[in-house]
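Consider the two complexes below, in which chain A is the common component and chain B and chain C are the respective partners.
On to the complex of A and B.
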């Protein structure tokens, strides 16, 4: 522990909690078995705070802040869930469902999907927004893997794991807003990629059925995440 | 006590939700003592009746006929239940939505057909531009996701509604279940 890091006390949902000053609200909540929903966050990769599911209320601050990138502070009073937060979190999920074509019933990740699980956990009964039904391609050019843009939520986990852990940086983002999409190399077919090592890390961190192994049928695609904490430790030379 | 008047409707779906309903097995006998099925693909009744207590609707709204039916059902039912993923999300019927109706009909009736190619133009309902979930057209009171929702789920929805309770389904079913 560096000299700058000190132990602080804060209050989360009415509980007084001690934490290190360099921790995020999300880290402290998880250490204390308190639930905050997340989607773009995955332990072992850099934090981008883009999905906004982990927004929390902090006393004295007008706007909601993402727990995954907000440091704890002395005397902070944090609300991890409230009627307002629940409503916003459900709206975020509904927007994700309406943005592309997530048809759970025929998805290879059905039953193992973080988006689907969150919809159930946060009591999302239906989508209040009109679905967009965009026409999006599926890239099946890779020998072993498939990219289905219909099921991508743009969490960028694939981009981060490929860059930060595998060191290949095959994945990146193209376009902005509703036109944004993940690409391989310079927006070339995945199968033609000269940088992809075929390691499969992107497949396993993908929260939905957007990145999957070829040949899987409905419900068959389960993701293996065990490698990530080990590789992160090795990278930090704490092995 | 008079029996509750229950109706079931089959729009753009595979009838799997109705199969799941029948899959309640002996519980159907118990329910038969409490409900009258006044309209359903399972009974011989041509016109959707007035004063329905609970309408269970399977399927997405995909054609002008579906739209006419769901408006009539809403007007004549106290509680409307979106039963299954097609009713709640448009699910598999919505997979045609990124394409035009003409492209979809051509694929089915022209491109892969050798005998009398051409989409039927009379005696069948006209497809809407997109298959959409029921709540985009009429108010829905209860959402029951699942593809299909299990017999246990449907049983608990029906018994809760008959007892005047609002069903809590978060632990029983989900999209794609």
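On to the complex of A and C.
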């Protein structure tokens, strides 16, 4: 018999809510249809807390904490949104837009992009930081897929899905700071990769148009995410 | 090894030292080594041999004596005459004068405040013992604290002593060491680890480097005591690969300690076993952050992860891990030897003991110093440091490296402790202290540290990765005389964002140099922005680009 998990109550944005003690703030919020923006997080993969969009305010704690990794506790008072949080979240999105070359009008993911959707949802009307306009390559060496570094936000979903679900670990990170980038194998062209199975999971978890299928035109790239919760459930239940 | 055997080694070592009428201590730590102390040592050895004085005079390589500005340093024991700026050519004169008057032109005034005002606990053996000889360390009461801990104290009592000492983490944040030890000790796990953070990376800081190079056994002893206190049998020292001498001396020290049974299985015949291994960092500043350091030891990419869980609960390979800095561990043996209460009598109410600082920049006596907590900045810079050279005026002192801030002249009389420095918008940090005079432009200083943070950001979280880049761009713009008043507002906004939303300490503290210079030297920023002028004349601003309304 599994160890009993404590049931606790907490308060989110003024609502009293009951939850299991092993859940994260994000899980509880979603169960109760309360919105917290996320970008690096995707259910079914490990949680890294790197995009910082899901930061929430917790009464009695000075620091803002990421909802995706912070466990709920008895009596916790959480603010999922506030003027300050909204401002920070917009600024973080603006930083992402300023970092690389996100040109929605010519993007295959236009209309299906998580970054774009978040910008709309959080009322990001403009970017008040200077754009970096870096010169970045596009890797089209794979027969079915394309990697466009210009649209990558370094969420590492591709790295995690390839390692944790597919078990290939084709993707990894190279460099640091703004010079960090995703790579295949030991920074070889994707088409030459000996570990890539061509499963396409990375394409489907990528939130933007950085990883896409070849042959798509503007707005045509839609991503299929159903496989992830399904595979996770299968593994949990050992089907 | 038994406690009695330890005493025998001490007696034998003291006896062998007594055989020599003179012992010439030559600093062989990084500072003096870079100005050629290895050649000085060889020349002295040759001179002693040529004169047939081998049985009267011993030339001994020791660790840092502190006054790095005037290296290479040579000291004669037991007369305590000290020589500075020694070259190979001076060897003959020094050896010739051993039984007569000291060589006046080389003499270093050991009566000056630089030496008198210091209180040495961590550095007590630096410049005294040969770092490559365990017997020398043992003769200086080495491993006595470990014997005492293992034979007289229970693990709980060791933690109690550390708690009573009031020692706080010397890596910078100042978390109470006893509390951390107690937390790890209380966790229930099959395995626990002790990790020594020797990934010192602040620009201008070399405290840990000196301790490791000059007195490596002290750190090993501190770790072994920690292992006993928290019930860990394996320790790792994460040391940066840029410290080859520290690594060499540590390797030698570990081998010697293992050979004598001071590390390994059943230390002093007790049930306590403790092993130490080295792990070399590959040059990333962020690996000084504890979760990134753990990832790096595990062989992964050195990036931090959100805390909690803290390493004390889930650290190396998921096991409870005690992580302390080099200087923290170096404080442990004297605390155990003399008792926690002894240590608690030194320093201020909330900051106990001493702190080692690497004094650098525009100050006469650059080098390594150890001072009691609560000493004022003025005493450090003007008494010990000897003030600003070339008749220039003091402008600010930077503490805490890229995570710290600049403190202006008006606060020179503030005591140096964790709380006071924090109140001033800086931090204690690991102990880097850079003095600046009126030839420094504070915007340029802020830009320097921001560039450091930007290039050392691991790139994992967005605010640090892109925020430090954007802040650096704005500082570039300001120093180039191309910024508007709005840019300063955006810079301040970014400081607030990056400080409050970054994942780890690197990002969270990266705005500190900017915030503190904005706080105390805002007029310098405004001069760059409004008048397109750099008051210190450091920044190259081309007036031709000025737009007149």
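Observations
The definition used in the following text is that the second predicted complex is superposed on the first by the 234 of 239 C-alpha atoms of A that agree within 3 Å, B and C clash if a C-alpha of one lies under 4 Å from a C-alpha of the other, contacts with A are read in each partner's own complex, and residues count from 1 in each chain.
Here is the rule we use: contacts are C-beta pairs under 8 Å (C-beta built on N, C-alpha and C of every residue); 3 or more make two chains touch, one makes a residue touch a chain.
Quick caveat, the model's predicted, so the values are computed rather than measured.
With chain A as the common reference, chain B sits beside chain C without any clash. Of the two partner chains placed by the overlay, only chain C lies in contact with A:173; chain B stays clear of it. Counted by residues of chain A touched, the larger count belongs to C, out of chain B and chain C.
Of the two partner chains, chain B is the only one that A:101 touches; chain C does not reach it.
Once the two complexes are overlaid on the shared chain, A:130 sits against chain B and chain C alike.
Legend: residue contacts after superposition of the two complexes on their common chain; A:110 is shown touching chain B, with no touch to chain C. In the overlay built on the shared chain, the residue A:227 is in contact with neither chain B nor chain C. Of the two partner chains, chain B is the only one touched by A:120; chain C is not. Contacts of A:51 after superposition: chain C is touched, whereas chain B is not reached. With chain A used as the common frame, chain B approaches chain C to a shortest CA-CA distance of 11 Å.
Of the residues of chain A, those at positions 130 touch chain B in one of the two structures and chain C in the other.
Across the complex, chain C meets chain A through its residues 284, 286, 301, 305-306, 454-463, 465-470, 473, 490, 493-494, 497, 500-503.
Interface of chain A with chain C (complex): residues 48-52, 55, 63-66, 69-70, 88, 91-92, 95-96, 98-99, 128-130, 132, 153-154, 172-173, 175-180.
On the chain A side of its complex with chain B, the touching residues are 97, 101, 103-107, 110-111, 116-117, 119-121, 123, 125-127, 130-131, 133-136. Across the interface of their complex, chain A is touched by residues 82, 85, 88-92, 94-95, 97-99, 130, 132-133, 135-136, 140, 143, 145, 147, 170, 174-176 of chain B.
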